[in-house]
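Input: a single structure, listed below in structure tokens.
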């Protein structure tokens, strides 16, 4: 069933191109640091050198190896994105269905809470909280972004489930004596699975961009490297004005390629799975 | 003993958290259906007929009143999963929209598998297979053209026939047919109506036929109930209702239906 | 016999989809005469809505008129609508000579504009110069003629009930007293008591000679029976029978007409006596219509010739039917 469902995806050129870009960057982050085992935080050599045989992406003001920084930074950024998505998703996937199935007062309380979180400008709150934390690990950043990003997803899951529950085939399954668990696995989850999957991708995106945003204003992780941190130092040392392009171009390109490939994956999926957009 | 007895059924919807509003969808509705009887519930959209159906099908709890199936109260006398299963074998339904009656992830066989499972039969045995084929032939479908297909590969009429095949497997005592032909092309409607008639004749099935179409109700039923704003305002045999309607709403309704064999003044 | 108002000669109108033709209208000829209400019935997909577009010459891609003529008889002149450009039609024909009450009158009015403003917009496409006050007075008079209050003109569409909206659209569509009016399923979205009212309104249009003739398109024979004298039965892009409505109800000739008529159930004793019928199978895909008579795969009276040759419309006792049984 699942195989048949996802088959048409691989006929979409947009999907194939974007998934290849995404896989390439993931490999860069996962396999890169193993193939190029240079410590990204050590002082490797001369400072502000353009790319050369010895330092393929050059060095920064402190003599750090930029290739090592970008490879490890990609890994951290992906890790933060993924963790953010897991956190947001878990909260949304608990609140949305409870709200939809319980209804009544439970629904109203949960949805009021969701709406409150939804109205808080979350990057602002993230900035406020981050300022108070002296030590910020990658996990803390992911938690901050994840805990603020879930409301729209919870609301969407709730409304989708509400419409599914009243669908006639769900009633017919109940009439055939299905219990709640079987109903959920056979009729409800498949109905929201593609949407949840697409949301997960968007959450990863939000995590990566959120981390970059926080890092750029100096509120990123306090240890390790991430793409956002590399960019932050490039900005601090006025790399753009001084023309040290090898410092800010590679991390910038990776962030743009990563987030736009993820967005393209979701739009391609939308075209395939959303009957209204389906091209005939 | 009637197969279905509905006594003083009322359903009030509440909404709003601080300022509560109440909507009476069904008001004090009582009627009964005998074995082998077709009773039509006629009303326009919003008259409460689908809410009534949902209560009888145990999808919705009434605010007050009781529903007895075969003498058992469907809320008080169903306590175990076995009781519920027994009730589901007695009361089944055919819905309005043949497209949303099927989950598009699965082949259409699923609706028959579900029926067999309800009867505690393994759908994958040879016996089950011949039961399914027999049910399909009874509703005028060719098994090899239907089994294994996905919902979008069948026409609306075929899907609705398949729903009735499901009823042939379960052989319920009562079928709630909620506007079963309103989304089917006029020229193929008659075939579906005939299948309901056949179920009644051969299996003595009782049918609650919910419709907005007075012509259909007149044609198919032994008794007609007219529902208006949540209440049953009038009931009687089809000929009584058509020739001497008493309630204003019924009079107006019957006067407005275009007739085939007479031209309006 | 009265003078003709609109005449279609051997029209073929196809939808072009992926280099393939959907033969929605295939070789149809029809004459609509002064003072006549013609009912056009058929199932969904029979081509009846496409036919209404051909009558208006409202042809937009992917639909195109492959062959045939659409003639309008106007004060002794014959205008070949198929030779006019869209701009000419918009300026001189639509609204003035021919008009349509669309299927979804609910959506025919702009929801964000008062009815008055929608009307003025339409008028601006017909005339260089308009006198607002004059038009409003004229519309108000027409509103009262169709049985709605003249204040309706200052309302927004959402403030009106379905029946009022439908009658407002009828009033606007016939404001310039068009010779020929098409009503495309004008009552199918309304509840029964409103249906009757709207039907009466349309009948009045002809009695008051606001319009000369009407083509009433529907899938419901019982509705059209109340208003039309002549019935045109369409199946899969072809006309299968043309007769007076009384004759068809007494004795349908074409097997399709018979099936369609006998599948109608109304609350009348005759229906119980007659029983309910249905036509097996589904209408054909018009991209690949069956050879010979397009109805033969669903016909219970099929002869050997039916899948080989195409039956032509021929006279049978003053009626017209396209079937080899006659």
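All chains are identified by letter, namely A, B and C, in their written order; residue positions are counted from 1 within each chain.
The definition used in the following text is that a residue touches a chain if its C-beta (ideal position, glycine included) is under 8 Å from a C-beta of that chain, and two chains touch if they have at least 3 such contacts.
Keep in mind the model is a prediction, meaning the values are calculated, not measured.
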Key: Chain closest to the middle [Cα centroid of all protein chains]   = B
Note = Greatest Cα-centre separation from chain A belongs to chain C
Message = I'd like the Å distance between the centres of chain B and chain C, where a centre is the mean of that chain's Cα atoms.
response = 35
Note = When centres are defined as mean Cα positions, the distance from chain A to chain B in whole Å is 48
Request  = Go ahead and note the Å separation of the Cα centroids belonging to chain A and chain C.
outcome  = 55
Task = Would you mind writing out the residues of chain B in touch with chain A in their complex?
result = 17, 57, 59, 81, 84-85, 88, 92-93, 95-97, 100-103, 105-106, 111, 114-115, 117-118
Task = Flag every residue of chain C that touches chain B in the complex, lowest number first.
result = 43-44, 191-193, 195-196, 199, 219-223, 225-226, 249, 259-272, 276-280, 282
Query = Which of the residues in chain B come into contact with chain C in the complex?
reply = 44, 155, 157, 185-194, 213-219, 238-239, 242, 252-264
Request  = Can you check the complex and tell me which residues of chain A touch chain B?
outcome  = 1, 5, 105, 108, 167-169, 171-179, 186-187, 190-191
